[in-house]
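Next up: the structures, one after another.
In the two complexes below, chain A is the common chain; its partner is chain B in one and chain C in the other.
For the complex of A and B:
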């Protein structure tokens, strides 16, 4: 098999995803979504903010596949552009939460039973008790929805959301990493590596960390879905992406007024997009867990 | 005979059983000179492995070294600080384990694990470390060392894994190699190859070896001297040939008899040592073997036997076979 320089295990991973029907479905949904977000300027037939008052509230047709909204903007184009903030928030929040979750989980797991573990894990529990959306609303409420200029940088509203979400992801990630790290830390090979005189730092970073990767990949996928939902929710209540920019939450929010008047396309397509995204990410996460966690795995072997 | 390398004196290790500390190693003493190959023989639970781990100061975290001393190359290693101890491990003192599969991190390539050890203990460039790694894998008889470096542990066979593990143990030219039942998890033909490898390494590297096993034949082939342990005590020590030909302690005798021989008649019943070794925490003022010993006398049950010495051997028994 020609592999274009891609390591064999990644090809096998793709192959295994394809072997489970639901996993393949999830993978396709997420891929389509990602392509939509990346190539939005080229795919979208209209500008997402282009107002056309003569053609407002048009039902789906050949020129506007998903109809037009109150100000005549093309729903299909806005839907495609709306994938961007969703995925940005979903993915960036996980990337911000990862280092913290990894650091805390690895240290607490490796030094299990020590003071360090007690302190770290109790702090994690305190953070875990904080409800995610409420804090996000509070932070944006206090800081305002306008971009804040800080020297050469501007902190956009999305960045605020991403940072808050990422921070609140730390407890969940820390706990899954902790569970794996604690189990690995007592395994024979760690004892063997100690006998070989390997430093604690090396043990944590180069021995235990790679063994935690699979659970983190799975969790990261599932948390991304959470981020998509959070972004939609915040935009819906007006604390996320600001109109006229496109976001699925903003589109739903604007469609509220038309629930009973028959313009179904305004509500249906953004709702569908959010649902499919979350379903896709969850299916992909489940499939990855089945493949990466040998205890749950029943399909072809990956080695 | 080389200089004294390891001197274990009255070593005691205890583990908590319920809420009392019970001794798993009860005053073990022995010495190893540079270039020696010493076997440690005993049943499971006799304290062989714990003794080895105590020498590395790596007994499981619940246990404690409660007494005695371990001198390595003239230095009391029970009193040096942890950082220096860590530098000794894997460099001067290294160890090979029973199960070469669980001794490797399944997620890392062999090469990475090997380079890690080399670079931890020596200040070499990556390139030098690589050269050394290839050299060491070649030394332990692995064909195509470069490929082994790129392999994950599960991609190698049991014998190859054990060779690779021995390679890691030898990477920094250790002064003492402790092998804890290195062939137990392997099949017989591979066992012979590994023993041959140890032979070769001994003659080529002047390796000092502490070989823990319950396989008498392999030990006899490899070691000059052996220590027999029972329930945390050294019951007999001597040259391997002496132990085999004229064991003084009844336990040694019975261990030798337990091994089935090809020339035995088919109808001969296999010899077993009746009873079980005492569980940890059992207190018994006399010889620990006395409840199972066919030649036990009154005194054996009440008083621990003093050590008797003969030319190049010692044993603890009130009623030895002379």
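For the complex of A and C:
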């Protein structure tokens, strides 16, 4: 089989995902949504912020698959564009949390039993004792939803959410990396490498880090789902993406005004989009966990 | 035991850090609260005087010290917007939130545990498949969307239940409970899913142990084997359950917003929209405290349920 230069283990991983029906379903859902987000300008039939007052509050039809909203904007187009902030926040928050989680987990795991481990893991414990969502809301709420100008950069509200979430992800990621790193650090091959005179830094980066990757991939996927939910929730209560930009949370927040008048399509489709994204990521994460992290596997079947 | 004292100490430390963080944030943001409260064309001297009245001219650390001492002595201060006593506002909001979130958690336990256990007893069966679909949907679908749909279809469409608000008990038990049904179900379904997932995996783990095989080989009736396994499967579930209880107070935020329940979370959201910094500070602390207390309760429950932990510590 031709593998187009893709390392064999990634093909094997894809193959294993395909072998689990739910994993494949999750993988497909996530791929479709990712493509939707990337190619939004080409897929969306209308401009997401294009107002059309003559066609406002139209129910779903052939020209507007998911109907139109109060100002005649096409719900389907807004839905496609809305995939962008959701996935951006979900993925970027994990990417920000990863270096921190790796650094803390690897160091604490490798130097287990030293002062360094105690200090790092205590800090992790303190941050983990904090409800993530409430802190994110408080920070964004206090800083305000307006973009902050900082020299040549503008910090949009999305960036604030990404940074806060990413920081709060560090303890969780540090814990899983720590668990693997601590077990690896006492293993025979590391002892052998040490006798060969390999430096600690090399041991950590080139021997232990690769072994932590699989666990991190699992948790990264599950935390991305959390980020998507957080972005939607914050936007829903008015602390995330700001209208008129399209985001699923913003669309739900606008739909709230039409609960009593029966424009069900405004409410139904954005919520469905959030749900499918999170279901996809969770199913994919569960499948990856079964493949990459067998110790967490829920146990062999009995029947 | 020492382990738990240590954890309690860390929880208190976490509370301090959060209060300090939020305090600092509220004081470094550009724009003084004076600009929110006072008229835009108030003369400069009056603004300065107002800031002096609220200790805003002092360094942040000193202000924090004053605030902390006052809070510890039970004086929470007053809202800068409504000038109402914060302790009074909290006394109104906390019981509401505790009641409906508590009820929803009871619902979650009552449905989630049996669902997870049945699912684990017959893995691969159609009951298991349905239970797992319910579980993955329940943890993935945003609960505020479920709430909105329930309002749109059950409350508005069918007209069976009130669409929102909180009816105090003094207006009669019937209306009081009727108003609670939808929010309680919305949040309860979410945590039912969370709990059933953990119960299933913990129960499967217990059923795969050697002692279960031995018990089966000895010809014990299945229900007795299940009971033994359940005893060992429960401690991690209790732990997750207590943590979920803490989390559900954070999750309650969206649902109080959807249903317009005047509880803690709605107080926090309103305070954020009005830039009422003292109120934000206090509500965040109260919610964090509930969260931390729930975690402590989880630790203690584990200690009580797991004899292995008791001996080693």
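Brief remarks follow.
By our rule, the second predicted complex is superposed on the first by the 292 of 303 C-alpha atoms of A that agree within 3 Å, B and C clash if a C-alpha of one lies under 4 Å from a C-alpha of the other, contacts with A are read in each partner's own complex, and residues count from 1 in each chain.
One rule holds in what follows: a residue touches a chain if its C-beta (ideal position, glycine included) is under 8 Å from a C-beta of that chain, and two chains touch if they have at least 3 such contacts.
Because the structure is predicted, anything quoted here is derived from the model rather than measured.
When both complexes are superposed on chain A, chain B and chain C end up sitting side by side without clashing. Shared-chain residue A:206: touches chain B; no touch with chain C. Contact with chain B, but none with chain C, is seen for A:198 once the two complexes are overlaid on the shared chain.
When the two complexes are overlaid on their common chain A, residue A:51 makes contact with neither chain B nor chain C. Residue contacts after overlaying the shared chain place A:189 against chain B, while chain C stays out of touching range.
Taking the C-alpha centre of chain A as the apex, the lines running to the C-alpha centres of chain B and chain C meet at 100 degrees, rounded to a multiple of 10. More residues of chain A are in touch with C than with the other of chain B and chain C. After overlaying the two complexes on the shared chain, residue contacts for A:32 are found with neither chain B nor chain C.
Superposing the two structures on chain A brings chain B to within 16 Å of chain C, judged by their nearest Cα atoms. With the contact threshold set out at the top, residues 303 of chain A are in contact with chain B in one structure and with chain C in the other.
Those residues of chain A whose C-beta lies close enough to touch chain B in the complex are 187-199, 202, 206-207, 210-211, 303. Looking at the complex, you find that chain C touches chain A at residues 7, 10-11, 13-14, 17-18, 21-22, 25-26, 29, 122-125, 136-137, 139-142, 144-145, 148-149, 151-152, 156-157, 163, 200-201, 204-205, 207-208, 246-247, 249-251, 253-254, 257-258, 268-269, 272-273, 277, 280, 284, 287-288, 291-292, 295. Across the interface of their complex, chain A is touched by residues 56, 58, 86-91, 94-95, 97, 99, 102-108, 112-113, 116-117, 120-121, 152, 154, 168-169 of chain B. Only residues 122, 125-127, 129-135, 137-139, 141-144, 225, 229, 232-233, 236-239, 252, 255-256, 259-260, 262, 264, 267-268, 271, 274-275, 278-279, 282-283, 286, 298-303 of chain A touch chain C when the two sit together in their complex.
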